[in-house]
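Chain nomenclature is as follows: A, B, C and D, assigned in order of appearance, with residue numbering initiated at 1 for each chain independently.
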Amino acid sequence: MVSASIVGASGYAGGELLRLLLGHPSFKVKQVTSETWAGKPVHFVHPNLRGRTELRFVKLEDLEPCDVLFLALPHGQAMYQIEHFASLAHYIVDLSADFRLKDPADYRRWYEVEHPAPHWLPLFTYGLPEIHREEIRSSRYVSGVGCNAACSILALYPLYRRKLVEMAIVDVKVGSSEGGSKPTQASHHPERAGVMRPYAPASHRHLAELVQELNFGEKPQIYFTVTSVDAVRGALATCHCFLKEPVSEKELWKIYREDYGAEPFIRLVSAKQGIHRYPDPKVLAGSNYCDIGFAVEEGTNRVVVMGAIDNLMKGSAGNAVQAANLMLGFPETAGLDFPGLHPV
Amino acid sequence: MVSASIVGASGYAGGELLRLLLGHPSFKVKQVTSETWAGKPVHFVHPNLRGRTELRFVKLEDLEPCDVLFLALPHGQAMYQIEHFASLAHYIVDLSADFRLKDPADYRRWYEVEHPAPHWLPLFTYGLPEIHREEIRSSRYVSGVGCNAACSILALYPLYRRKLVEMAIVDVKVGSSEGGSKPTQASHHPERAGVMRPYAPASHRHLAELVQELNFGEKPQIYFTVTSVDAVRGALATCHCFLKEPVSEKELWKIYREDYGAEPFIRLVSAKQGIHRYPDPKVLAGSNYCDIGFAVEEGTNRVVVMGAIDNLMKGSAGNAVQAANLMLGFPETAGLDFPGLHPV
Amino acid sequence: MVSASIVGASGYAGGELLRLLLGHPSFKVKQVTSETWAGKPVHFVHPNLRGRTELRFVKLEDLEPCDVLFLALPHGQAMYQIEHFASLAHYIVDLSADFRLKDPADYRRWYEVEHPAPHWLPLFTYGLPEIHREEIRSSRYVSGVGCNAACSILALYPLYRRKLVEMAIVDVKVGSSEGGSKPTQASHHPERAGVMRPYAPASHRHLAELVQELNFGEKPQIYFTVTSVDAVRGALATCHCFLKEPVSEKELWKIYREDYGAEPFIRLVSAKQGIHRYPDPKVLAGSNYCDIGFAVEEGTNRVVVMGAIDNLMKGSAGNAVQAANLMLGFPETAGLDFPGLHPV
Amino acid sequence: MVSASIVGASGYAGGELLRLLLGHPSFKVKQVTSETWAGKPVHFVHPNLRGRTELRFVKLEDLEPCDVLFLALPHGQAMYQIEHFASLAHYIVDLSADFRLKDPADYRRWYEVEHPAPHWLPLFTYGLPEIHREEIRSSRYVSGVGCNAACSILALYPLYRRKLVEMAIVDVKVGSSEGGSKPTQASHHPERAGVMRPYAPASHRHLAELVQELNFGEKPQIYFTVTSVDAVRGALATCHCFLKEPVSEKELWKIYREDYGAEPFIRLVSAKQGIHRYPDPKVLAGSNYCDIGFAVEEGTNRVVVMGAIDNLMKGSAGNAVQAANLMLGFPETAGLDFPGLHPV
């Protein structure tokens, strides 16, 4: 058994990570930190874990060495303490945005911060296994993925990789858990229930990840919009793609099967009938799948590609475990076998 | 036109009151206060009122005299300033709990406060028009009603008035707007969506109002439980009544028609078929109705009486306007004609 | 008082129309038809109207002459009976799609029907007052609007009218009431709750209305996608516009104020702070507003324009009453003064 | 590996069963039947299982022998075919109500049917392991449990077993999946979303199970009410108990720990602080837990006991697998280890 600790385990991503690691055949959770809830049993915050563990939160200052350290802190914290964390564990998986981007200038632009440890940026691998599997296998430091970025990148990657795309407008719909566990006016139930609320119409910081990861020799022209809708979990990326040349649905099937046919966590969902014709995050809660579908607008070069995920799973904790499995030589799907519920 | 000001107008009850008064034929809104949002236009907080008024919030210290003062402060504030408020307006309607109860001891028990102005308690009329219409007409000071209390009292009143009830267990289901406009961990959308959360299983302070208002010579034996469910507006009281003697459904119809047949805001809803057989707060959003229905458990002395309201309307602001209409000699239904939506 | 009857009044648009006409100062509702519910009181189907009217549904065959006939039948029915309806009333407002499109070929393409009364198409005015106010005033026959089309057209109209747009991708989010009152597998609550379900990714028939109404000398290049989200009422059009030249936010304000500054049912919502910065249909339930906002993507020619409506109001029944007010010379806002609720 | 087939696998309970059996270490699913969807892959109906199995639905007439047959048909079907099913499998678990009740008269009263196979009733064990564990171990035929009955019985059992209860009023809140997978007017999303809809105020057929299972020498006096609220999964039983004598909270803890301390699927949830103080089905989706909590009304003999479950798990499919595990000598928790999600 490999020992793992979670820094920032009282948040939603941290809690999901804890659920996954407690059920993982090869990890043993050693410590979980929370400054606010130190001393409390984890089920005080994560009621689903009642009876599953005797763990209590500890303070960060009491963190001990372990084999793998999972960092689930809010953005802008791990970057200041990375040396310390690296002294405690051989492997680090950071779920925050602090080491996702390669270019320090991107941190200035999108996160309005001068990155304090820019020499660490090249040491981290962008942890999306479908794109960086081999690099992850040989990495000690892996960064997580932005949830909105993950479903968008996975939806677009086969087209960009083939340099088929002229331009893409990505319109993402998201649930409330994306906002984290801290109550705000925006997350107050009477205000948040039933919304169709434009959140970031003209730009969202996850765009930086798309531009970085979908650059195959030419800077991708992508526009990115996020709208909050009424769900707790889930992100759906509707990618309106304008291709350099029209592509038929048959060719799309071929392209996506070629890239994703062997992927354990990607499913192609593009049917002609039934109510489950296209990807919908609703059926993915708790699962690590990214469901991808597409539709061709006949007679045009427009293709709509849709990618759906559970933002706390494939968009965060699930993907992190998948990456850690690769780093440590475990089966890639270990601990990630929950298929999701229907209905839910 | 009568001038009215609202103290505490940035909360949900205050905002609903503002909506009603802006649409009222005989009131002119003079000022609305909010310490937090002073200077901001009201639509910054209440987006439905955009384009409906040029009013901006003012600080309490800038409150000027007016004809009617509506107090929509959190519990435990108006009781300390009642002399000041009374110096500003001839009529006062207080939506908080501060002047609902007649016995100062009840404040100690249920609100854990020594009431600072107990001599004001007898000056206030409990503002439920269906029970205290004539007193309200001749009052200068009227208190609002607890939302959970309002639907329960209206459901039970005809039975208690006739001394038919041995005991009642009132099981109330409530939406999230009951908790007010301030975000908390409990109201955080990811935590609050989809709940069936026992809130106050063994006792809830609104019980004090039931015991006070349903006392017809004998102290009523009532038990009170509140459960939070997934809705923004609405309260449903399921009153499990055990009667001294069995009563038939036909007799119940007679009793409720007798008491409520002429009431403008009470509807009897008790059908044998269709999906709208019984009261459901869902169809009441924005309306001032209290829908009441009942079912007899054959062969027993048990009767289930159900009362449904919009907690911000008949449970708060709507009821307050109804009471103010009576006080000022306006038609009782003035400004309260919205029927609610279907579906919604 | 002008007499009005509603054909197909048991559906959601018909029910909303009935609510509006019952509260209208100048209309008197004469008859409401429903083949399924003939004989039943309207509150059996529309529980919000309990106590508001003694009307019962009648069969279509029992329909009598009246001043204004509102048709709220499913698509593809009124077109076969228009002669009969026209023999019963001087004025007709048809909420269905049957007379919205000018070109019979559009019916073949989008509705897969050979229009049986093509000579009636030019007699109908497309009933969006903001665009066709004067024509409506002088019309006897007015067609309703597609709900998704309405919010999209209103959002885009000022830009298209000025020939500023190169291309637009319209990504619409919709609630469940758009699907009508008939239960289906897709509308079954366990399947429909919490969805982000791509409904019509590559094309939706309302596109025909956009192309027709936004044609100012050049056929507009518009792409249209509809996604179902968890709400009962509401449609939000996120219009990703690529302009021929960049336009600043200041210029956008000028353009939209110029066109809509005097419109009674259009509000511009585009703020820099607060949680209500942009249009959200959540706050519009029951109101006839179309809220419009915009965001400029700095350094590009992309503008995101958002339009939000209550699909049963400005997207259907409310807009129909607004048009009827114009036709009959009533104040344009008569019967449409409900501002919506907050929170809800 | 033991072979299992599911009859009626396109419904919600059948689908949940299929999910569980596909992930079970000792069962191999042989066939799944559906008259409607015969020939279709299971993911056409249960999208969560896409990629998890190659199974397609078959018709009932094509059902072959297997080791264990799970029956998930609507009520009133298995009772007519039990001889046939028994000829195909040594073990049968029936999730419907057809063999839950011991007394044929109960079928007449609650299901309005003359049971066609009354001699089979004593051959079935009521499949609630917490109450009938040893009987189940030695049974070939086990009946499922009513979902509302399951959470109520488990909440009340320790008190009834000790003959402490004078009377109980059980007020159950339920989600929409209880109504099954067939769309109806009542389940139509626009009608079902946001309801607090009294469903069976004065009596519900699951009462028969409570009376049967809580009879310890004296017929229990129980009243039962069901209200639909807005959730897909979940049932919460609020049991208002009047005890023969007051019992302290400390004694309650002792009683419930004594009975349930070693139960793998029962957790006691009764805290003084935090937002997860009491049982809430929200956190149980997909898990087999029944969370139980209680509150004492000081100074009275009233105790409120709350029981929360996922109706498709502990209230149906999960409980059935737990019972099958016992029958077949597998570890009781096999295949049932999913802890539920937070938040969801």
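The rule is short, and it goes like this: a residue touches a chain if its C-beta (ideal position, glycine included) is under 8 Å from a C-beta of that chain, and two chains touch if they have at least 3 such contacts.
Quick caveat: nothing in here was measured; it's all calculated off a predicted structure.
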item	value
Neighbouring chains common to subunit A and subunit B, by label	C, D
Remotest chain, subunit C as reference, centres from CA atoms	D
For subunit C placed onto subunit D, the superposition rotation in degrees, Cα atoms, nearest 5	180
Subunit C-subunit D separation of Cα centroids, rounded to whole Å	45
Whole-Å gap separating subunit A and subunit C, where each centre is the average of the chain's CA atoms	38
Whole-Å gap between the CA centroids of subunit A and subunit D	35
Touching two or more other chains - residues of subunit A	12, 177, 181, 185, 190, 193-194, 230, 232, 280, 343-344
Contact graph of the chains (line, ring, star, complete, other)	complete
Residue numbers on subunit C that touch subunit B, as the complex places them	12, 15-16, 19, 22-23, 43-44, 46-52, 177, 181, 232-233, 267, 269, 271, 274, 276, 280, 283-287, 289, 291, 337-344
Residues on subunit B engaged by subunit D in the complex (per definition of touch)	169, 171, 173, 185-186, 190-191, 193-198, 201-203, 223, 225, 227, 229-232, 234-236, 238, 240, 275, 277-282, 293, 295-298, 300, 302, 304, 306, 308, 343-344
Subunit D partner contacts - residues on subunit C that touch it in the complex	12, 175-177, 179, 181-185, 187-190, 192-194, 230, 232
